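Take a look at the structures below.
In what comes next, chain A is part of two complexes: it sits with chain B in the first one and with chain C in the second one.
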Partner chain A sequence: MNTVAVLMRKAPYGSVYTAEGFRTLMGIAVFEMDISVVFMDDGVYALLEDQDPSKLDMKPLGDGFPMLTEFDVSKFYVHDQSLADRGLTTDDLLMDVELVDGAQIAQILADAGKVLPF
Partner chain B sequence: MLFTVNKSPLSANSLDSVLQVAPQGAPILLYEDGVYAVMPGSKSAPVVQDALAAHPIYALDADLEARGIAKTLEGIQVIGYDGFVELVEQHDVAPWL
Partner chain C sequence: MKMGIMVLEGPYQHQAADSAYGFVQAALARGHEIVGIFLYTDGVNNINQFIKPPGERNISTRFDELAEQGIPVVACTACAKFRGLRPNLKTEHTRMSGLGSLSEYLQTADRFVTFGD
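Showing the complex of A and B:
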């Protein structure tokens, strides 16, 4: 089975990266690939709960990620230091994730071999 | 002069840069990803807290709500688009894109 890691490092809404990363995940999920999703730096903000961008005339960007489990995308990792630097804990996130450190992320990326950056 | 910042404080130096330039008392408006600077407990919070002693700092409510930011540092003034327009009417604007 093909393996790939999707690396999310940007905040949602301020740029198109989060939305495009999600679209890519939807796209590759149907090919039954072994997908790891890693949230790091401002990328962790994509998983903050209670996002309501209705005044921006947009849809909440975080809500789609938990639904990816229905497409067998279930390996979600969050960089522990990125979360801590932002005063956040896993309780602030809208889905269950696995906390990982930098060395573990390096291993995840190495195991996947291919990295799609957003 | 009104200084506006729309970048996250932990991934860009826009806020740090503005704070090197903005004279005492000059208002600073945070919008788009700039609003992440108001979150308590963040690594950027001490910088913002110090800045609040020298500047009125505003954050746009629509951008806070969009990002799920419910708590803001004490002293941050949350405003709507109407407040944004008022600030722009009252001041010349220096956007720190």
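Showing the complex of A and C:
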């Protein structure tokens, strides 16, 4: 089976990258692939609870990620240092994730046949 | 080796489209196969046939030439809709399609390389 890692590196609003990363996940999940999703840098904000971007004329993005489990995407990783650098803990996140350090992320990327960075 | 390519940026604003083109040229020169080039988000603008940069490299012509050689150069249909890039604006040999094409390249390529900001 093809293994794919999708990297979420940017803040969920202010640019389209995280939204398109999510759309890519929805698009490729229906094909049989072993998908890992890694949130790092400002990408960790995509999983914050209670997002309300209505004043930006945008739709909340975070709630879509837990839905991905219905498409057999179940490996969600968050970079521990990125979270800590922003004063956040897993309690601030809207879903269960696995905390990983930089070396573990390097391993996830090495194990993935393909990496899609957003 | 079979390689898949994704481009996330449009022409001229960022290096990504140029880097992708240069990478593809170098890979072909070394005998590798490009299974497809997927143009996503602003990357779809790289197939606008009306791009005419006075005195500069023509990025859309470059991608069209790759497509003419038989390499699938595919722009995301939904992204094109968001950007008003109607099918009649595209270059001759490029195509528009959905994320199924991206999935196909992911599955058939040995390596997949993304060019973005």
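Quick note on the criterion: the second predicted complex is superposed on the first by the 118 of 118 C-alpha atoms of A that agree within 3 Å, B and C clash if a C-alpha of one lies under 4 Å from a C-alpha of the other, contacts with A are read in each partner's own complex, and residues count from 1 in each chain.
One rule holds for everything that comes next: a contact is a pair of C-beta atoms (placed from the backbone, for glycine too) under 8 Å apart; a residue touches a chain by one contact, two chains touch by 3 or more.
As the structure is a prediction and not an experimental result, all values here were calculated from the model.
**Q** Evaluate whether chain B and chain C can sit on chain A together after superposition, giving fit or clash.
**A** Superposition result for chain B and chain C: fit.
**Q** Output check: A:Thr24 vs chain B and chain C. Expected answer is one of first, second, both, neither. What do you get?
**A** second
**Q** Is A:Leu116 contacted by the first partner chain B, the second partner chain C, both or neither?
**A** second
**Q** So, A:Gly102: does it touch chain B (first), chain C (second), both, or neither?
**A** In the superposition, A:Gly102 contacts neither chain B nor chain C.
**Q** Who contacts more of chain A, chain B or chain C?
**A** Of chain B and chain C, B contacts more residues of chain A.
**Q** Report, in whole Å, the shortest distance between any C-alpha atom of chain B and any C-alpha atom of chain C after the two complexes are superposed.
**A** Closest C-alpha pair between chain B and chain C: 13 Å.
**Q** List the residues on chain B that touch chain A in their complex, please.
**A** For this pair, the touching residues of chain B are 6-8, 10-11, 32-33, 36, 39-43, 45, 61-63, 65-70.
**Q** Using the touch definition from the top, list the residues of chain A that touch chain C in their complex.
**A** Within the complex, chain A touches chain C at residues 2, 4, 16-17, 20, 23-24, 26-28, 30-31, 33, 113-118.
**Q** Report the residues of chain A in contact with chain B in the complex, numbered from low to high.
**A** 10-15, 41-42, 45, 48-56, 58, 62, 85-88
**Q** Spell out the part of chain C that touches chain A in their complex, as residue ranges.
**A** That would be residues 4, 6, 8, 40-41, 78, 98-100, 102-103, 106-107, 109, 111-112, 114, 116 of chain C.
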